[in-house]
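Note that chain A is present in both complexes that follow, paired respectively with chain B and with chain C.
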Partner chain A sequence: MIEVKEIKKRFGRKKVLEGVSFDAKKGEITCLIGINGVGKTTVLNAIMNLTPLNSGQILIDGERINKNSYEKITFIPDAVTMLPRMKVADAIQFMRDFYQSWNDERASELLEFFRLNEEDRISDLSKGNAAKVNLLLGLALDVDYLLMDEPFSGIDIFSREQIAEVFTSHLVEDRGVIITTHEINDIEHLIDKVILLDNGNVLKDFRTEVMRAEEGKSVVDVLREVYKK
Partner chain B sequence: MKHYLKLVNFELGRFIKVYLVLIAITIISQIAGIIVHSNNFVGRANESMTTMEQFAAQNGTLMMSDFMLTLWFLGPIALCIAALIFYCFLIWYRDWFGKNTFVYRLLMLPTARLNILLAKASAVFLMVLGLVSLQLVLLIAEQALLQTIVPDVLRTDMSIAEMGNRTGFLQVLIPESFTGFLSNYGIGFMMVFILFTAILFERSYRWKGILLGAVYAALAVTVFLLPLIIQLILGMNYLYPMEVFLAMLTLGILVTGTSIWLSHYLLNRKVTV
Partner chain C sequence: MKVKFNNRDPVYVQVIQHFKQQIAAGLMEPGQEVPSRRELAGRLKINPNTAQRAYKEMEEEGLIYTERNLPSKITRDEKILGAVREELMLEAVENFITSVQSINAPLDEVVELIQKKYKEKEAGEGGSHD
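Entry: the complex of A and B
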């Protein structure tokens, strides 16, 4: 389980996170939602120790993140992270070289699923294909937790559908996923839990199933309700 | 260790094209230079109305050390030094500001972040050593070329050590003794680690980090030079030369160790993507 406990983060004088707490379990998809600038990406960066916190604690299966944690948790950021001159095959080789959890079979399956060409250079990829390569590099690791930052941002509807399909496949099954997205419609039916961030705080934290069953509201309904106020 | 070696290999691969260009420029410039310089000298001797012996007596003989003060020789060395200093900054900043944010990948590798620092420093060090080795080979080749072009009476042959003694700066790059090599390159390596720490201060604290980095660099250099500063203040004979050497060696190790520890701390706890 990923436990985020009372994390606070300031950038200069600007308070971005003011005591955010939540947890995300294996086998569940947790969605961090909020308008731009509420600190969704900062939370993901903090979980991966890519940005220092002012206070608070983050535990992954009861441990603070360390070098071994990167074999069981991975982050798929909203940016291409491999060098532009690399071919897709080079990027795969890089991952194979460094990660014990790299799964070649799964990588081949994903290459086929996304119809990517190993000989293509990263710099020549369209935004959609670059996002798919990013996804491939994260999903081909046999990790317990996946963090995804805006995987649908700026890509065409067909690529979005293809990426959304991943969430219903065995590629994500049994893993704990924390995702940030604005394109909630694409994956609303797949989300188990929603963390609604606003002004650096958790405004609402609910299980989608319970919300649907008890209040008859979808995630989008809750969002409308919150932001209309 | 395996990850460290892979990272060194990866860092070298990222700069290899520029590095090969630097090597090519050095070879072409220095070989072309020795040919042009030697031929000019022989040409002047031939054009003079005296015998070669008289020309040599009047103008002196041609030595490698003369050629080593020309732009043909010094130009590519200066270019390589400038490129490697620039590379010390580039090796970090390209990971943040390059077209793609590669620093995400580096910091999420399942290896100690210290390996990233050590791999980058090793890449710089290997490139420096590579260029110095090339220069040594080139000096021998250039001397051989000079001997082919310039007749015996018009030239004075020199050993590498003599070339160093005559030019001074070459003694820094290619010291005569192993102790000299260790101290010169040790100081160079220490400076690289101080610079890397300053860069990591900047990457951790941004604007404030520039100041922190500059203060740290100034402090580290001052601590290292403390024995010399004491000598200056209390008189040049206050410490024996061996005492100065041992004190600087100890302080150098201390400063390098502190820089590595600080960099490790910043990479683990403070650096921001």
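Entry: the complex of A and C
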């Protein structure tokens, strides 16, 4: 389990996180949604220890993040971070050399699932295929937790559908996922839990099925209500 | 297998409803194997945890059963199967009554109309349609 406890973060005078707490379990998909844009990526960066916090604590399976954590958790940014002239195969080779947790079998499965060509250059990929390569490079790692920053942003509907489909498969199953997205419609039925951030605070923290059962509201309904206020 | 999910009811409830409809319509037969939870999640594009939840509830209701490590199957219990059919019919009729009562339609007129339309539909399904 990833436990985020009362984390606070300021950039200069600007308070970005004002005491954010939530947890994300293995085998579940937790969706971070931000009303005003700020905060989500900072939370993901904080979990990866990429940004120092002013206060608060983050635990992964009960431990503070350390060197070993990086074999347990991975961050998939919202764009490919490989050099544009690399081929997809080169990017895969790079990951294979760099990470012990790289899983070749899963990588081949993902190549097939996304119908990607290893010989394509990163710079020649369509936006949709670039997003898929980006996801592949993260998903092929044998890690317990995956953090995904806006995996659906700026890509066509069919690529989004294909990416959403990954979440229902064994390629993601049993792992803990924290995802940030604006495209709730694509994953409404895929997520277990929603953490709604507003002005650096957690405004709502709910399980989607419980919300539907008890209040008859979808995630979009809840968001609509919040936006109206 | 395709299900159009609404946004009001829990997804697992809608999945169970879908299975009941399939059973009542005879599209899923007694003793027929059901997809694994992962397969179901993939086909319906839902969370595998939700598929698991639906199967757990259906197992508790006796709609499906699992022997040892074999795939789960639709029940052969006539009583349960009959109850599913009855439940769905009752639900449909209740919804119907609610809508005709809201426009104060008299019962005898409604019954007559049902019979007429029902026959028309049945005839229409066999032959050509307009």
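Convention: the second predicted complex is superposed on the first by the 228 of 229 C-alpha atoms of A that agree within 3 Å, B and C clash if a C-alpha of one lies under 4 Å from a C-alpha of the other, contacts with A are read in each partner's own complex, and residues count from 1 in each chain.
Definition applied: a contact is a pair of C-beta atoms (placed from the backbone, for glycine too) under 8 Å apart; a residue touches a chain by one contact, two chains touch by 3 or more.
Just so you know, these numbers come straight off a predicted model, no measurement behind them.
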**Request:** Look at A:E173 in the shared chain and tell me whether it touches chain B only, chain C only, both, or neither; answer first, second, both or neither.
**Result:** second
**Asked** Between chain B (first) and chain C (second), which does A:E188 come into contact with in this model arrangement: first, second, both, or neither?
**Response** second
**Prompt:** So, A:E109: does it touch chain B (first), chain C (second), both, or neither?
**Reply:** neither
**Asked** Just chain B (first), just chain C (second), both, or neither: which does A:D221 touch?
**Response** second
**Request:** Determine, under the contact definition given at the top, whether A:A164 touches first (chain B), second (chain C), both, or neither.
**Result:** second
**Request:** For A:D23, decide between first (touching chain B), second (touching chain C), both and neither.
**Result:** neither
**chain A - residues contacting chain B, complex** = 45, 48-52, 67-71, 74-75, 77, 79-84, 94, 97-101, 122-123
**Asked** Contact residues on chain C for chain A in the complex?
**Response** 5, 7-13, 38, 41-42, 44-50, 53
**Complete:** chain A residues touching chain C in their complex are 27-29, 161, 164-165, 167-170, 173, 188-192, 208-209, 212-213, 216-218, 220-221
**Complete:** Within their complex, chain B touches chain A through residues 3, 6, 10, 14, 98-102, 104-105, 107-113, 204, 268-273
